[in-house]
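In the two assemblies presented below, subunit A is common to both, partnered first by subunit B and then by subunit C.
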Partner chain A sequence: MQATKTSFNKWALYLGILPAVLFYVVMNLGPSIATFVLSFTDITGTPGVPWKFIGIANYKEFFFIQNPRDTMMVLKNTVIFCLLVTFVQNAIALPIAVVLNNKFIKGRNFYRAVVFLPVVLGVMVTSLTWLLMFNPTDGPVSQLIGIFGLSSNFFADKETALYYVIFCQIWMAMGYSMVINLAGLQGIPTELYEAGEIDGTTGNQAFRYITFPMLWPTIAVNITLALIGSLSSFQIILFTASGGLNIFTQTMAMRVMYFAFNLNAGMNTFSMRQGFGAAVAMMLFVFILIVTLVSHYVTNRREMEA
Partner chain B sequence: MKSLWFKKAVRLVSGLTIVALLSTAVACGAQKQAEPAATEPAKTEAAKETDKKADGKPVTIKIITWAQQSNIDPLNALNAKFSEKNPNVKFVIDSVNANDYPTLQQTRISAGDVDIVTGFAFDQVPQDYMKGVDKRAWQQFVESGAYLDITDQPFLKNWDPAMIKDAASYKGKVYGINVGKVGFNGVFYNKKIFADNGLSEPKTWEELMNICKTLKAKNITPFTGAAKDSWPINMMAHAFIAANEPDMPAYSKGLWTGERKFTDEGSMKIWNRVEEWSTYFEKGVAGIDYSSVVGRFVAKKAAMMPDGTWDSGTIDAAKPDFEYGYFCIPGDTAGAEPIQLAGKYDLQFQIYSKTANKDICLKWMEFLSQKENYTPFISALSMFPTMPDVQVSNKFINSIADKNKNFRLAFERITLEPKGVGQYAAGVFPLTQLKAFGGTIATAKELAELQQKDWDAAVKAAK
Partner chain C sequence: MRKNTGSLIVTYVFIAVLMIIYLFPLFYVFNTSIKSKTEYIQNTLSIASSFRYENYIEAFNRANFASFIGNSVFYMVVCTVLSIMMAVFLAFPISRNYIKFSNAIYLLFIAGLFLPDATIPQFQMLLKAGLYNTRLGYMLGLMGGGGIPLFFFVSYLKNIPRDFDEAASIDGCGYFRYIFQILIPLMKPAIASMAILSAIGVWNDVIRAIIYLSNKSLFPITRGLHVFTGQYQNDTTLQMAALVMVAAPLLILYLFLQRYIIDGAVAGAIKA
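Let's look at the complex of A and B:
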């Protein structure tokens, strides 16, 4: 019997990863580069319409032709949306994860599933659910606050709509942060807590000196994911606040959609402006990059201090 | 052996890579391959295929439109009638929310996955005095050759030449058929509530305000409206303009050239009336969307509902026995004639120029152009006909025929806003910025000043 001789061919490795690389190049890297290139053109998105390079005209329009007050409002909305979602989502997800990690909680798997359910439901169902709940004429919340003589237009109130959208975003995404925190908590060696018990640590001390420092890398990942997710999120605004129709609920990501796909402009108006939308998208990219780098710097420093 | 399978695999993957890259390149390159519409485009293989299909092979015609049941039902009935005579032809109507329709239009035309495209009239053409205004979407579709040139089609002679010229033509060529006109400078009212309270259609602004006061005194909410979607309320600005600015093109030009201001006496009269009107809406109007406002109207939550005449079909569908009428927002004095409608040419059909079913689509348009087919269609559509000597059987349309003797285009079809205009002049008159409609601005005067400031900034930047 002849022994089979096998040998390692390094090209097989490259062949193995080629489909994934191809997918990444065609579906991700390619469109990203194309967006950068198209941001210097007047492409509309209307099939067959010729387009040309117009230099930095789209960027100039964003800063000098678009109403500066409205532009600042969009930037302000983006920052508020991003900071509130990131902070509140993680601030709620962490204690819930700690509690649901406790083996003495009966039915904790059920509670975990309940908290995670909105993630599974997705943005469309979440939006419809809260649109019904916050229906200003006869929705349950409206009727509840009506008992106390209060009323609100919720998503239609230009001053407060953004905060209702933020609430929906947190409700929808919090389960995701919780699951990541749970995974991090389960990676903390139990010996540390046992050693702490021997030294007489209280529950609060255990959280402060063991759980939190050990969980910090996970929290840092959660913060980064929430930052990027909230900065690029537009779907929840699209579905709840009439598609970001008014400037009061528009974020940068929503602004990209607004121009690139003529959202809410109806059937009857100007054509789409995908070149200009691409320019706004590039500025959003720079914004996300800066925020992510700063966040990384801060969280890494905190990690090193810990 | 090993090297053989390895070479085969490399060839396969390389082939796939080249195909993927070529597909991407072709898709991108397609942007530049547009040709202007021709009266008689060269017969492609696809067109030749059409000839075969016309002989009786099964064909499915794809129509895209926006989701409005009062449009879709008559269209289905028309198509069914066509299919009766042409059993091999089936229709598929794909519709989305009106706000998403531009995306559907773009994607389907890009993919060549459509035969008949619905749209609005070819109006709102930028005038010489409008600087820095982008082209309209329809203009770009026509220039890119997306719509078939039907200038020489004999069935066009069946239609109103004014419609062909004003709504369906561009640079002397005809690209579509506009099937109906609508007005939107008015208000639906509940006839029973009016009769019970001894009220009749107002002929002056004072009379309208008296009606509101009478209803309010009897704890009846005068108006409901769909302020959440903004446009149904913002649209009504054009009703106030139609009632108070007799020369709307001059008003548009004046605003662009600076001869007129949003804060001048004439404009403030419009704003002050809007402000007064806004106090008579039901509580929570800012949260009511367009899809639910008709339900509220027929449920008698309010006595009146501002809307376009096109929505009578929705009212009929919501409550078939509901008795309602329609009056135009009045001005200062009553004339001998009822106040006339101002509106637009509405539903328009265009044939996708590269459809493989060109002949069948033309046959369908010819079918639509026959009076016996068009009459039931337009009657069900609840619009004013654009074909001469057509007597519609629509009760509502007939009831307001006396308001359609001197039909005018509404202000929104005449003027355009400058690029990048701020929120307080977006849509020219954004009524929903008022607190009464869920906005943040307390008074009309304050809003008019912000509107002028935003308009001036945008006009200046556009130059």
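Let's look at the complex of A and C:
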């Protein structure tokens, strides 16, 4: 751990890092660990109200006391949301990146820019845009499916609302997966394709034997990011399907905010149960950790085989 | 890849569908925002007969956007400048290994990416400190200390030769002067990327504003949009005019600084 010699004043160097380290420890690291502690308390969001340690009561409550149908619904939604977002987002972002990396495509920079745009516009713009698109009475999608004699309440339909939310999430975040894939594709040496061409490979073969294996590490990063991102995201659920009001679209991340900060369509029906929220956050954290480790293990093994 | 008419057609159809899914909703929002209310009710899909800019003026005034925009700009400048400065001053000694435990400190910051969500205790802390519903409390909750900018700067600094450091310090250039006058100009592209991403993050934030602020006069713009759309639920054209006004600065920023934004986003992902 010996530091490299420098003629700069040592004290100035340490003084320089102090704000960042202090800020990080006080605002990020400390609170992060404190989430674990608070999950064993009945602390609320109201200042001045006394609170105490209640052991694992919050965890018990989540699994055994609250309406088991709600709990199962939340767990099910979390899994569906996470798997569908991760799978579909990557399954579409890969061909998009491959196509838009192709020099023959005219205006490819424009197409890339368009697909990435929602990432910049953010969750509020995305949500309001799709609420308008999915307006059940006279929105464009409603009229489109009306041609086929179909109708839907979209975000208010308890059977399908989650899937519309998932669609919005993918619409918003896919550009992100795409640009990561594009960065990966640009790292593949063109010599490989030239060599392939001499050997007479077809486009499909080139994809299967050159592009895909070479891009696999990038895809693995994308999968991990999408898994973590989809497990921790709740904003799109909150703004499209009013999050809390509709248990049919609640995921664990949404549940944390629902209990800890009353985040729903603006109804304050109970006090902010932050101890309980912290317990759900801890369970979500463990869940994310397991999923990340499994995904890391699986994608690495795939890398070995390739 | 060789040119093959059949696959080229499939490719362009694929792109066309993609463009419709991405551009139509945005066009539809814009089109709605310039229609009159009756025009919208009569036919949601019709092309606007004229550009009703009055919608924008009305939405701007009724939503009190002037105050929200002022707040947002203030939050953007303070949060961005402070978080970038903190990251630069941390990244430099770490990338050069000028301080003891450089690696350990770096790992400590990486560990933050894998820890539980800190929002609830953060809120408790700011509440106890009397910073709930204050500008300072909101910015403390919003700002990141390290994270992606740190990783990005550390790897960027590795490409700036160490000889510069030595040459400067031997010539008697103090550390802080060196950072501000020599290093920061050299890091311009990296700083630009991170600053833009940070600014966009602040502009787009709603959640922290919901959690930490209850006083409307402190709200940033996107939170203001959230309130406005809640109040004017039946006034779709006004809602959309407000939406376009929130999205427009982002769009303009994106048009001009796309390279920096995408570079930053990609680098952040690969490092993490």
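The rule is simple: the second predicted complex is superposed on the first by the 275 of 306 C-alpha atoms of A that agree within 3 Å, B and C clash if a C-alpha of one lies under 4 Å from a C-alpha of the other, contacts with A are read in each partner's own complex, and residues count from 1 in each chain.
Criterion: contacts are C-beta pairs under 8 Å (C-beta built on N, C-alpha and C of every residue); 3 or more make two chains touch, one makes a residue touch a chain.
Just so it is clear, the structure is predicted and the values come from calculations on it, not from any experiment.
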{"item": "Touched partner set for A:Val115, first subunit B, second subunit C, both or neither", "value": "second"}
{"item": "Partner chain(s) touched by A:Gly30 [first = subunit B, second = subunit C, both, neither]", "value": "both"}
{"item": "Broader residue contact with subunit A after superposition on the shared chain, subunit B or subunit C", "value": "C"}
{"item": "Partner chain(s) touched by A:Ala195 [first = subunit B, second = subunit C, both, neither]", "value": "neither"}
{"item": "Touching partner for A:Ser151 - first (subunit B), second (subunit C), both, neither", "value": "first"}
{"item": "First (subunit B), second (subunit C), both or neither touched by A:Pro47", "value": "both"}
{"item": "Subunit B versus subunit C as contact partner of A:Glu159, first or second or both or neither", "value": "first"}
{"item": "Which of subunit B and subunit C A:Val125 touches, first, second, both or neither", "value": "second"}
{"item": "Contacts of A:Val294 with subunit B and subunit C, given as first, second, both or neither", "value": "neither"}
{"item": "Touched partner set for A:Phe261, first subunit B, second subunit C, both or neither", "value": "both"}
{"item": "Overlapping contact positions on subunit A, where the subunit C interface meets the subunit B interface", "value": "7, 9, 12, 19, 30, 34, 43, 45, 47, 135, 261, 263, 266"}
{"item": "Residues of subunit C touching subunit A in the complex", "value": "1-4, 7-8, 11, 14-15, 18-19, 21-26, 28-29, 32, 44-45, 85-87, 89-90, 92-94, 96-105, 108-109, 111-112, 114-125, 127-128, 132, 140-141, 143-146, 150, 165-166, 169-170, 174-176, 178-179, 200, 203-204, 206-207, 210-211, 222, 225-226, 229-230, 236, 239-240, 243, 246-247, 250-251, 253-254, 258, 261-262, 265-266, 269-270, 272"}
{"item": "Touching residues on subunit A, where the partner in the complex is subunit C", "value": "1-4, 6-10, 12-14, 16-17, 19-21, 23-24, 27-38, 43, 45, 47, 95-96, 99-100, 102, 104-105, 111, 113-125, 128-130, 132-133, 135, 138-140, 143, 171, 176, 179-180, 183, 193, 197, 203, 206, 221, 225, 232, 235, 238-239, 256-257, 260-261, 263, 266, 274, 277-278, 281-282, 284-285, 289, 292"}
{"item": "Residue ranges of subunit A in contact with subunit B within the complex", "value": "7, 9, 11-12, 15, 18-19, 22, 26, 30, 34, 43-51, 61, 64-67, 69-70, 135-137, 142, 151, 153-159, 242-243, 245-248, 261-273"}
{"item": "Residues of subunit B touching subunit A in the complex", "value": "2, 6, 9-10, 13, 16-17, 20-21, 24, 28, 30-35, 66, 98-99, 101-103, 105-106, 109-110, 119-120, 124, 132, 134-137, 139-141, 143-146, 227-231, 283-284, 286-289, 296, 419-423, 432, 438-440, 454, 457-458, 461-462"}
